[in-house]
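Written out below as C-alpha coordinates is the structure these notes cover.
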(Lines give C-alpha, C1' and ligand atoms only; values in the text may rest on other atoms or scores of the structure.)
Protein backbone atom coordinates (compact mmCIF):
# COMPACT_ATOMS: atom_id res chain seq x y z
CA UNK A 1 0.00 0.00 0.00
CA UNK A 2 1.25 3.46 -0.93
CA UNK A 3 1.13 6.18 1.73
CA UNK A 4 1.52 9.87 0.87
CA UNK A 5 2.10 12.72 3.32
CA UNK A 6 1.49 16.42 2.73
CA UNK A 7 2.39 19.73 4.39
CA UNK A 8 3.51 19.41 8.03
CA UNK A 9 2.60 15.73 8.13
CA UNK A 10 5.19 15.25 5.37
CA UNK A 11 7.72 17.43 7.19
CA UNK A 12 7.25 15.62 10.50
CA UNK A 13 7.42 12.10 9.06
CA UNK A 14 10.39 13.17 6.96
CA UNK A 15 9.03 11.55 3.81
CA UNK A 16 6.59 12.47 1.06
CA UNK A 17 5.58 8.91 0.25
CA UNK A 18 6.41 5.29 0.93
CA UNK A 19 5.27 1.74 0.21
CA UNK A 20 4.27 -0.26 3.28
CA UNK A 21 3.24 -3.84 3.91
CA UNK A 22 0.36 -3.65 6.33
CA UNK A 23 0.54 -6.10 9.21
CA UNK A 24 -2.49 -8.35 9.62
CA UNK A 25 -5.31 -6.84 11.67
CA UNK A 26 -4.94 -3.24 10.42
CA UNK A 27 -8.35 -2.68 8.87
CA UNK A 28 -9.31 1.00 9.23
CA UNK A 29 -7.78 4.47 8.96
CA UNK A 30 -7.58 4.63 12.77
CA UNK A 31 -5.84 1.26 12.82
CA UNK A 32 -3.33 2.43 10.24
CA UNK A 33 -2.56 5.62 12.20
CA UNK A 34 -2.12 3.56 15.36
CA UNK A 35 0.34 1.26 13.61
CA UNK A 36 2.26 4.15 11.96
CA UNK A 37 2.76 5.73 15.39
CA UNK A 38 4.65 2.62 16.52
CA UNK A 39 7.22 3.10 13.75
CA UNK A 40 9.25 5.84 15.43
CA UNK A 41 9.20 9.21 17.15
CA UNK A 42 8.77 11.09 13.85
CA UNK A 43 5.47 9.26 13.30
CA UNK A 44 4.50 9.68 16.93
CA UNK A 45 5.06 13.42 16.44
CA UNK A 46 3.24 13.64 13.09
CA UNK A 47 0.13 11.91 14.41
CA UNK A 48 0.21 13.16 18.00
CA UNK A 49 -2.94 15.26 17.59
CA UNK A 50 -5.28 13.24 15.40
CA UNK A 51 -7.84 16.04 15.47
CA UNK A 52 -5.66 17.87 12.94
CA UNK A 53 -5.09 14.89 10.66
CA UNK A 54 -7.17 14.30 7.54
CA UNK A 55 -7.03 11.09 5.52
CA UNK A 56 -7.96 10.24 1.94
CA UNK A 57 -8.27 6.71 0.54
CA UNK A 58 -7.61 6.62 -3.19
CA UNK A 59 -8.20 10.39 -3.22
CA UNK A 60 -11.56 10.19 -1.44
CA UNK A 61 -11.87 11.81 1.99
CA UNK A 62 -12.15 9.17 4.69
CA UNK A 63 -12.94 9.11 8.40
CA UNK A 64 -11.27 7.22 11.22
CA UNK A 65 -13.44 4.16 10.83
CA UNK A 66 -13.34 3.92 7.02
CA UNK A 67 -12.16 0.38 6.08
CA UNK A 68 -8.87 0.16 4.17
CA UNK A 69 -9.92 -2.91 2.17
CA UNK A 70 -9.19 -2.45 -1.55
CA UNK A 71 -7.30 0.81 -1.06
CA UNK A 72 -4.07 1.29 -2.96
CA UNK A 73 -3.20 4.87 -1.95
CA UNK A 74 -3.65 6.47 1.47
CA UNK A 75 -2.88 10.17 2.01
CA UNK A 76 -2.46 11.98 5.34
CA UNK A 77 -2.51 15.76 5.61
CA UNK A 78 -3.63 18.71 7.77
CA UNK A 79 -6.95 20.51 7.22
CA UNK A 80 -6.92 22.26 3.83
CA UNK A 81 -5.91 25.89 3.56
CA UNK A 82 -6.09 26.64 -0.15
CA UNK A 83 -7.80 29.45 -1.99
CA UNK B 1 -39.35 76.04 -11.42
CA UNK B 2 -37.45 73.69 -13.76
CA UNK B 3 -39.07 70.38 -14.62
CA UNK B 4 -37.09 67.54 -16.24
CA UNK B 5 -38.52 64.39 -17.80
CA UNK B 6 -36.71 61.13 -18.47
CA UNK B 7 -37.27 57.94 -20.50
CA UNK B 8 -40.89 57.34 -21.54
CA UNK B 9 -42.12 60.26 -19.43
CA UNK B 10 -39.92 62.46 -21.63
CA UNK B 11 -41.17 60.76 -24.80
CA UNK B 12 -44.83 61.08 -23.81
CA UNK B 13 -44.65 64.72 -22.74
CA UNK B 14 -42.60 65.47 -25.84
CA UNK B 15 -40.03 67.52 -23.94
CA UNK B 16 -36.91 66.83 -21.89
CA UNK B 17 -37.21 69.93 -19.73
CA UNK B 18 -39.10 73.16 -19.27
CA UNK B 19 -39.47 76.16 -16.97
CA UNK B 20 -42.92 76.57 -15.42
CA UNK B 21 -44.58 79.17 -13.26
CA UNK B 22 -46.54 77.25 -10.68
CA UNK B 23 -50.07 78.50 -10.09
CA UNK B 24 -50.90 79.33 -6.48
CA UNK B 25 -52.07 76.38 -4.40
CA UNK B 26 -49.77 73.76 -5.93
CA UNK B 27 -47.79 72.65 -2.90
CA UNK B 28 -46.86 68.97 -3.23
CA UNK B 29 -45.61 66.51 -5.85
CA UNK B 30 -49.15 65.13 -6.16
CA UNK B 31 -50.48 68.67 -6.68
CA UNK B 32 -47.88 69.31 -9.37
CA UNK B 33 -48.77 66.11 -11.21
CA UNK B 34 -52.47 66.99 -11.01
CA UNK B 35 -51.80 70.40 -12.50
CA UNK B 36 -49.47 69.05 -15.24
CA UNK B 37 -52.24 66.66 -16.35
CA UNK B 38 -54.50 69.65 -17.08
CA UNK B 39 -51.96 70.99 -19.59
CA UNK B 40 -52.86 68.70 -22.48
CA UNK B 41 -53.36 65.10 -23.64
CA UNK B 42 -49.58 64.45 -23.80
CA UNK B 43 -49.36 65.15 -20.03
CA UNK B 44 -52.55 63.22 -19.38
CA UNK B 45 -50.91 60.28 -21.16
CA UNK B 46 -47.52 60.64 -19.45
CA UNK B 47 -49.04 60.68 -15.97
CA UNK B 48 -52.01 58.38 -16.56
CA UNK B 49 -50.65 55.64 -14.29
CA UNK B 50 -49.02 57.38 -11.36
CA UNK B 51 -47.94 54.05 -9.90
CA UNK B 52 -45.16 54.02 -12.53
CA UNK B 53 -44.04 57.62 -11.98
CA UNK B 54 -41.09 58.50 -9.74
CA UNK B 55 -40.26 62.08 -8.73
CA UNK B 56 -37.09 63.74 -7.49
CA UNK B 57 -36.88 67.23 -5.96
CA UNK B 58 -33.46 68.78 -6.47
CA UNK B 59 -32.16 65.27 -7.20
CA UNK B 60 -33.57 63.73 -3.99
CA UNK B 61 -36.24 61.06 -4.33
CA UNK B 62 -39.63 62.37 -3.23
CA UNK B 63 -43.05 60.91 -2.56
CA UNK B 64 -46.49 62.17 -3.55
CA UNK B 65 -46.93 64.30 -0.45
CA UNK B 66 -43.44 65.84 -0.39
CA UNK B 67 -43.79 69.68 -0.27
CA UNK B 68 -42.38 71.58 -3.25
CA UNK B 69 -41.40 74.63 -1.18
CA UNK B 70 -37.84 75.72 -1.94
CA UNK B 71 -37.39 73.28 -4.82
CA UNK B 72 -35.74 74.58 -7.97
CA UNK B 73 -35.62 71.35 -10.03
CA UNK B 74 -38.27 68.62 -10.22
CA UNK B 75 -37.66 65.45 -12.22
CA UNK B 76 -40.23 62.84 -13.32
CA UNK B 77 -39.24 59.42 -14.57
CA UNK B 78 -40.20 55.72 -14.57
CA UNK B 79 -38.78 53.22 -12.05
CA UNK B 80 -35.04 52.84 -12.60
CA UNK B 81 -33.69 50.04 -14.77
CA UNK B 82 -29.94 50.56 -14.79
CA UNK B 83 -27.13 48.15 -14.08
CA UNK C 1 -9.91 53.47 0.69
CA UNK C 2 -9.80 54.22 -3.05
CA UNK C 3 -13.18 55.22 -4.50
CA UNK C 4 -13.94 55.80 -8.16
CA UNK C 5 -17.38 56.46 -9.62
CA UNK C 6 -17.69 57.14 -13.30
CA UNK C 7 -20.56 57.44 -15.77
CA UNK C 8 -19.30 57.42 -19.33
CA UNK C 9 -20.24 56.47 -22.89
CA UNK C 10 -16.91 54.70 -23.43
CA UNK C 11 -16.15 51.11 -22.62
CA UNK C 12 -13.98 50.28 -19.58
CA UNK C 13 -10.95 48.05 -19.16
CA UNK C 14 -11.53 45.73 -16.20
CA UNK C 15 -7.85 44.78 -15.94
CA UNK C 16 -6.82 48.42 -15.59
CA UNK C 17 -9.51 49.06 -12.96
CA UNK C 18 -8.41 46.00 -10.97
CA UNK C 19 -4.77 47.05 -11.10
CA UNK C 20 -5.71 50.51 -9.75
CA UNK C 21 -7.14 48.89 -6.60
CA UNK C 22 -4.32 46.44 -5.91
CA UNK C 23 -1.13 48.14 -7.01
CA UNK C 24 0.85 49.43 -4.07
CA UNK C 25 -1.52 47.81 -1.55
CA UNK C 26 -0.31 44.37 -0.55
CA UNK C 27 -3.00 44.03 2.09
CA UNK C 28 -5.64 43.27 -0.54
CA UNK C 29 -6.42 39.55 -0.34
CA UNK C 30 -9.68 39.50 -2.28
CA UNK C 31 -10.72 41.24 -5.46
CA UNK C 32 -14.24 40.80 -6.85
CA UNK C 33 -15.45 42.16 -10.15
CA UNK C 34 -18.99 42.23 -11.48
CA UNK C 35 -19.48 43.01 -15.14
CA UNK C 36 -22.99 43.50 -16.49
CA UNK C 37 -23.18 42.84 -20.23
CA UNK C 38 -25.82 43.54 -22.85
CA UNK C 39 -27.53 40.25 -23.76
CA UNK C 40 -29.09 39.81 -27.18
CA UNK C 41 -31.86 37.52 -25.84
CA UNK C 42 -31.21 34.88 -28.49
CA UNK C 43 -30.93 37.42 -31.27
CA UNK C 44 -34.04 39.46 -30.38
CA UNK C 45 -32.12 42.60 -29.37
CA UNK C 46 -30.16 44.92 -31.69
CA UNK C 47 -29.02 47.40 -29.03
CA UNK C 48 -29.79 49.00 -25.68
CA UNK C 49 -29.97 52.74 -25.20
CA UNK C 50 -28.94 53.81 -21.71
CA UNK C 51 -30.27 57.14 -20.41
CA UNK C 52 -29.40 58.68 -17.05
CA UNK C 53 -30.11 61.71 -14.88
CA UNK C 54 -26.78 63.57 -14.88
CA UNK C 55 -25.78 64.69 -11.41
CA UNK C 56 -28.33 62.62 -9.56
CA UNK C 57 -27.00 59.34 -10.97
CA UNK C 58 -23.49 60.05 -9.69
CA UNK C 59 -24.88 61.24 -6.33
CA UNK C 60 -27.00 58.11 -5.86
CA UNK C 61 -24.07 55.80 -6.61
CA UNK C 62 -21.97 57.85 -4.20
CA UNK C 63 -24.66 57.41 -1.51
CA UNK C 64 -24.75 53.64 -2.08
CA UNK C 65 -20.93 53.53 -1.96
CA UNK C 66 -21.03 55.28 1.41
CA UNK C 67 -23.44 52.67 2.80
CA UNK C 68 -21.15 49.94 1.47
CA UNK C 69 -18.15 51.44 3.27
CA UNK C 70 -20.07 51.54 6.55
CA UNK C 71 -21.03 47.87 6.28
CA UNK C 72 -17.81 46.32 4.94
CA UNK C 73 -14.10 47.08 5.40
CA UNK C 74 -12.92 47.76 1.85
CA UNK C 75 -9.59 48.86 0.46
CA UNK C 76 -11.07 49.95 -2.84
CA UNK C 77 -14.35 50.34 -4.71
CA UNK C 78 -14.86 51.22 -8.37
CA UNK C 79 -18.17 51.70 -10.15
CA UNK C 80 -18.35 52.49 -13.86
CA UNK C 81 -21.70 52.73 -15.64
CA UNK C 82 -21.91 53.26 -19.37
CA UNK C 83 -24.57 55.36 -21.09
CA UNK C 84 -25.68 55.72 -24.70
CA UNK C 85 -25.96 53.01 -27.32
CA UNK C 86 -24.73 49.57 -26.27
CA UNK C 87 -24.74 46.50 -28.49
CA UNK C 88 -25.22 42.87 -27.42
CA UNK C 89 -22.02 41.44 -26.00
CA UNK C 90 -20.80 44.85 -24.89
CA UNK C 91 -20.23 45.93 -21.29
CA UNK C 92 -22.83 48.01 -19.43
CA UNK C 93 -21.58 48.26 -15.86
CA UNK C 94 -18.52 47.36 -13.80
CA UNK C 95 -18.17 47.05 -10.04
CA UNK C 96 -14.81 46.19 -8.49
CA UNK C 97 -14.31 45.65 -4.76
CA UNK C 98 -11.00 45.07 -2.98
CA UNK C 99 -10.73 43.88 0.60
CA UNK C 100 -8.56 41.80 2.93
CA UNK C 101 -11.08 38.97 2.94
CA UNK C 102 -13.39 37.50 0.37
CA UNK C 103 -16.71 37.76 2.20
CA UNK C 104 -16.53 41.56 2.37
CA UNK C 105 -15.51 41.86 -1.29
CA UNK C 106 -18.33 39.56 -2.48
CA UNK C 107 -21.07 41.08 -0.34
CA UNK C 108 -20.08 44.68 -1.02
CA UNK C 109 -20.17 44.10 -4.79
CA UNK C 110 -23.54 42.34 -4.61
CA UNK C 111 -25.05 45.00 -2.35
CA UNK C 112 -23.81 47.77 -4.60
CA UNK C 113 -25.30 46.17 -7.71
CA UNK C 114 -28.62 45.46 -5.97
CA UNK C 115 -29.04 49.08 -4.89
CA UNK C 116 -27.66 50.54 -8.10
CA UNK C 117 -30.33 48.62 -10.04
CA UNK C 118 -33.16 50.02 -7.94
CA UNK C 119 -31.94 53.43 -6.74
CA UNK C 120 -29.71 54.94 -9.42
CA UNK C 121 -31.55 56.92 -12.12
CA UNK C 122 -30.73 54.99 -15.29
CA UNK C 123 -33.22 53.72 -17.84
CA UNK C 124 -32.82 51.15 -20.60
CA UNK C 125 -34.58 51.24 -23.94
CA UNK C 126 -34.48 48.22 -26.21
CA UNK C 127 -33.98 48.46 -29.94
CA UNK C 128 -35.12 45.20 -31.47
CA UNK C 129 -33.42 43.31 -34.26
CA UNK C 130 -36.82 42.47 -35.75
CA UNK C 131 -39.52 45.06 -35.11
CA UNK C 132 -42.26 42.51 -35.56
CA UNK C 133 -41.38 40.95 -32.20
CA UNK C 134 -43.37 41.48 -29.04
CA UNK C 135 -42.34 44.65 -27.25
CA UNK C 136 -43.70 47.12 -24.73
CA UNK C 137 -45.27 50.26 -26.21
CA UNK C 138 -42.03 52.13 -26.59
CA UNK C 139 -39.26 49.62 -25.89
CA UNK C 140 -38.47 50.92 -22.41
CA UNK C 141 -37.47 48.09 -20.10
CA UNK C 142 -39.77 47.68 -17.08
CA UNK C 143 -38.39 47.51 -13.57
CA UNK C 144 -38.73 44.00 -12.24
CA UNK C 145 -39.91 42.66 -8.92
CA UNK C 146 -36.82 40.47 -8.51
CA UNK C 147 -34.73 43.62 -8.18
CA UNK C 148 -36.97 44.97 -5.42
CA UNK C 149 -36.75 41.61 -3.65
CA UNK C 150 -32.96 41.78 -3.99
CA UNK C 151 -32.69 44.98 -1.99
CA UNK C 152 -35.28 43.88 0.57
CA UNK C 153 -33.06 41.03 1.76
CA UNK C 154 -30.31 43.49 2.78
CA UNK C 155 -32.80 45.35 4.96
CA UNK C 156 -34.58 42.51 6.70
CA UNK C 157 -31.53 40.54 7.79
CA UNK C 158 -27.81 40.79 7.74
CA UNK C 159 -26.35 38.02 5.63
CA UNK C 160 -24.22 35.66 7.70
CA UNK D 1 -21.58 25.39 -20.36
CA UNK D 2 -17.83 26.01 -20.61
CA UNK D 3 -15.81 24.52 -17.72
CA UNK D 4 -12.10 25.00 -17.14
CA UNK D 5 -10.20 23.80 -14.07
CA UNK D 6 -6.49 24.34 -13.92
CA UNK D 7 -3.79 23.99 -11.25
CA UNK D 8 -0.57 25.63 -12.34
CA UNK D 9 2.56 27.38 -11.05
CA UNK D 10 2.17 30.20 -13.58
CA UNK D 11 0.14 33.36 -13.09
CA UNK D 12 -3.17 33.75 -14.93
CA UNK D 13 -4.60 36.57 -17.03
CA UNK D 14 -8.07 37.41 -15.77
CA UNK D 15 -8.99 39.35 -18.91
CA UNK D 16 -8.22 36.35 -21.13
CA UNK D 17 -10.23 34.03 -18.88
CA UNK D 18 -13.21 36.42 -18.93
CA UNK D 19 -13.08 36.71 -22.70
CA UNK D 20 -13.13 32.90 -23.04
CA UNK D 21 -16.48 32.78 -21.22
CA UNK D 22 -18.20 35.63 -23.04
CA UNK D 23 -16.89 35.57 -26.60
CA UNK D 24 -19.44 34.11 -28.95
CA UNK D 25 -22.12 33.89 -26.23
CA UNK D 26 -24.30 36.97 -26.23
CA UNK D 27 -26.63 35.50 -23.64
CA UNK D 28 -24.17 36.19 -20.84
CA UNK D 29 -25.49 39.16 -18.87
CA UNK D 30 -23.38 38.78 -15.73
CA UNK D 31 -19.72 37.98 -15.27
CA UNK D 32 -18.23 37.69 -11.80
CA UNK D 33 -14.55 37.21 -11.03
CA UNK D 34 -12.96 36.46 -7.70
CA UNK D 35 -9.21 36.85 -7.40
CA UNK D 36 -7.45 35.73 -4.24
CA UNK D 37 -4.14 37.50 -3.74
CA UNK D 38 -1.21 36.93 -1.44
CA UNK D 39 -1.24 39.58 1.31
CA UNK D 40 1.97 40.64 3.01
CA UNK D 41 0.23 41.30 6.36
CA UNK D 42 1.79 44.73 6.71
CA UNK D 43 5.21 43.53 5.64
CA UNK D 44 5.30 40.42 7.85
CA UNK D 45 5.20 37.94 4.96
CA UNK D 46 7.96 37.32 2.40
CA UNK D 47 6.16 34.60 0.40
CA UNK D 48 3.62 31.81 0.51
CA UNK D 49 4.41 28.28 -0.59
CA UNK D 50 1.38 26.48 -2.01
CA UNK D 51 1.39 22.68 -1.92
CA UNK D 52 -1.36 20.46 -3.34
CA UNK D 53 -2.33 16.82 -3.75
CA UNK D 54 -2.04 16.26 -7.51
CA UNK D 55 -5.01 14.42 -8.92
CA UNK D 56 -7.20 14.78 -5.85
CA UNK D 57 -7.08 18.60 -5.95
CA UNK D 58 -8.37 18.67 -9.53
CA UNK D 59 -11.01 16.03 -8.71
CA UNK D 60 -12.29 17.93 -5.66
CA UNK D 61 -12.62 21.18 -7.62
CA UNK D 62 -14.40 19.23 -10.35
CA UNK D 63 -16.82 17.82 -7.74
CA UNK D 64 -17.51 21.33 -6.37
CA UNK D 65 -18.02 22.62 -9.92
CA UNK D 66 -20.61 19.90 -10.50
CA UNK D 67 -22.55 20.93 -7.40
CA UNK D 68 -22.41 24.54 -8.59
CA UNK D 69 -23.89 23.58 -11.95
CA UNK D 70 -26.76 21.75 -10.28
CA UNK D 71 -27.62 24.77 -8.11
CA UNK D 72 -27.17 27.65 -10.58
CA UNK D 73 -27.69 28.02 -14.34
CA UNK D 74 -24.25 29.02 -15.59
CA UNK D 75 -22.89 29.63 -19.06
CA UNK D 76 -19.30 29.29 -17.97
CA UNK D 77 -17.10 28.52 -14.97
CA UNK D 78 -13.32 28.82 -14.70
CA UNK D 79 -11.18 27.93 -11.70
CA UNK D 80 -7.41 28.43 -11.71
CA UNK D 81 -5.34 27.72 -8.60
CA UNK D 82 -1.64 28.46 -8.49
CA UNK D 83 0.91 26.32 -6.65
CA UNK D 84 4.53 26.88 -5.65
CA UNK D 85 6.13 30.07 -4.41
CA UNK D 86 3.89 33.14 -4.42
CA UNK D 87 4.97 36.60 -3.31
CA UNK D 88 2.81 39.30 -1.66
CA UNK D 89 0.70 41.11 -4.22
CA UNK D 90 0.67 38.11 -6.56
CA UNK D 91 -2.41 36.12 -7.54
CA UNK D 92 -3.23 32.80 -5.85
CA UNK D 93 -6.63 31.78 -7.19
CA UNK D 94 -9.14 32.86 -9.82
CA UNK D 95 -12.81 31.98 -10.14
CA UNK D 96 -14.86 33.31 -13.04
CA UNK D 97 -18.60 32.68 -13.42
CA UNK D 98 -20.78 33.67 -16.36
CA UNK D 99 -24.56 33.59 -16.31
CA UNK D 100 -27.61 35.35 -17.69
CA UNK D 101 -28.32 37.01 -14.35
CA UNK D 102 -26.16 38.45 -11.61
CA UNK D 103 -27.50 36.49 -8.64
CA UNK D 104 -26.42 33.15 -10.11
CA UNK D 105 -22.99 34.46 -11.08
CA UNK D 106 -22.35 35.96 -7.63
CA UNK D 107 -23.61 33.00 -5.60
CA UNK D 108 -21.88 30.38 -7.76
CA UNK D 109 -18.52 32.14 -7.38
CA UNK D 110 -18.95 32.55 -3.63
CA UNK D 111 -20.05 28.93 -3.15
CA UNK D 112 -17.14 27.66 -5.20
CA UNK D 113 -14.60 29.65 -3.19
CA UNK D 114 -16.16 28.59 0.13
CA UNK D 115 -15.96 24.89 -0.73
CA UNK D 116 -12.59 25.15 -2.44
CA UNK D 117 -11.14 26.62 0.76
CA UNK D 118 -12.40 23.76 2.90
CA UNK D 119 -12.52 20.74 0.57
CA UNK D 120 -9.72 21.05 -1.98
CA UNK D 121 -6.36 19.62 -0.84
CA UNK D 122 -4.10 22.66 -0.90
CA UNK D 123 -1.87 23.85 1.93
CA UNK D 124 -0.15 27.17 2.49
CA UNK D 125 3.18 27.65 4.21
CA UNK D 126 4.31 31.14 5.20
CA UNK D 127 7.85 32.35 4.74
CA UNK D 128 8.33 35.38 6.95
CA UNK D 129 10.19 38.54 6.03
CA UNK D 130 11.63 38.67 9.55
CA UNK D 131 12.08 35.30 11.20
CA UNK D 132 11.94 36.81 14.67
CA UNK D 133 8.18 37.32 14.28
CA UNK D 134 5.58 35.11 15.93
CA UNK D 135 4.82 32.07 13.82
CA UNK D 136 3.41 28.60 14.21
CA UNK D 137 5.95 25.80 14.64
CA UNK D 138 6.62 25.33 10.95
CA UNK D 139 4.92 28.23 9.21
CA UNK D 140 1.99 26.15 7.93
CA UNK D 141 -1.22 28.19 7.89
CA UNK D 142 -3.97 26.76 10.13
CA UNK D 143 -7.46 26.17 8.81
CA UNK D 144 -9.82 28.69 10.29
CA UNK D 145 -13.27 28.32 11.76
CA UNK D 146 -14.67 31.12 9.61
CA UNK D 147 -14.13 28.92 6.57
CA UNK D 148 -16.08 26.06 8.14
CA UNK D 149 -18.87 28.48 9.02
CA UNK D 150 -18.83 29.72 5.43
CA UNK D 151 -19.70 26.30 4.03
CA UNK D 152 -22.22 25.53 6.76
CA UNK D 153 -24.47 28.37 5.62
CA UNK D 154 -24.89 26.77 2.16
CA UNK D 155 -26.09 23.54 3.82
CA UNK D 156 -28.51 24.88 6.39
CA UNK D 157 -30.44 27.23 4.17
CA UNK D 158 -30.67 28.20 0.56
CA UNK D 159 -29.72 31.85 0.14
CA UNK D 160 -32.58 33.93 -1.21
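Order as written gives the chain letters A, B, C and D; numbering starts at 1 within each chain.
Heads up, the rule we're going with is that a residue touches a chain if its C-beta (ideal position, glycine included) is under 8 Å from a C-beta of that chain, and two chains touch if they have at least 3 such contacts.
Predicted model only: the values in this text are computed from it and were never measured.
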In the chain contact graph, what is the shortest path length, in steps, from chain B to chain D?
-> 2
For chain A and chain B, let me know how many angstrom lie between their CA-based centres, rounded off.
-> 73
Chain B and chain C: spacing of chain centres that average the CA atoms, whole Å | 26
Intercentroid distance (Cα basis), chain D paired with chain C, Å = 23
In angstrom, rounded to a whole number, how far apart do the mean CA points of chain A and chain C lie?
-> 49
Junction residues of chain A, two or more chains touched | none
Could you say which residues in chain C touch two or more other chains, in rising order?
-> 36, 113
Which pairs of chains touch one another in this structure?
-> A-D, B-C, C-D
Going by the contact rule at the top, pick out the chain D residues touching chain C in the complex.
-> 14-15, 18, 22, 26-42, 88-89, 100, 102-103, 105-106, 109-110, 113, 149-150, 153, 159-160
Using the touch definition up top, name the residues of chain C that touch chain B in the complex.
-> 36, 50-53, 55-57, 59, 81, 92-93, 113, 116-125, 137-138, 140-143
Counting only contacts in the complex, chain B reaches chain C at residues 4, 6-8, 11, 56, 59, 61, 75, 77-83
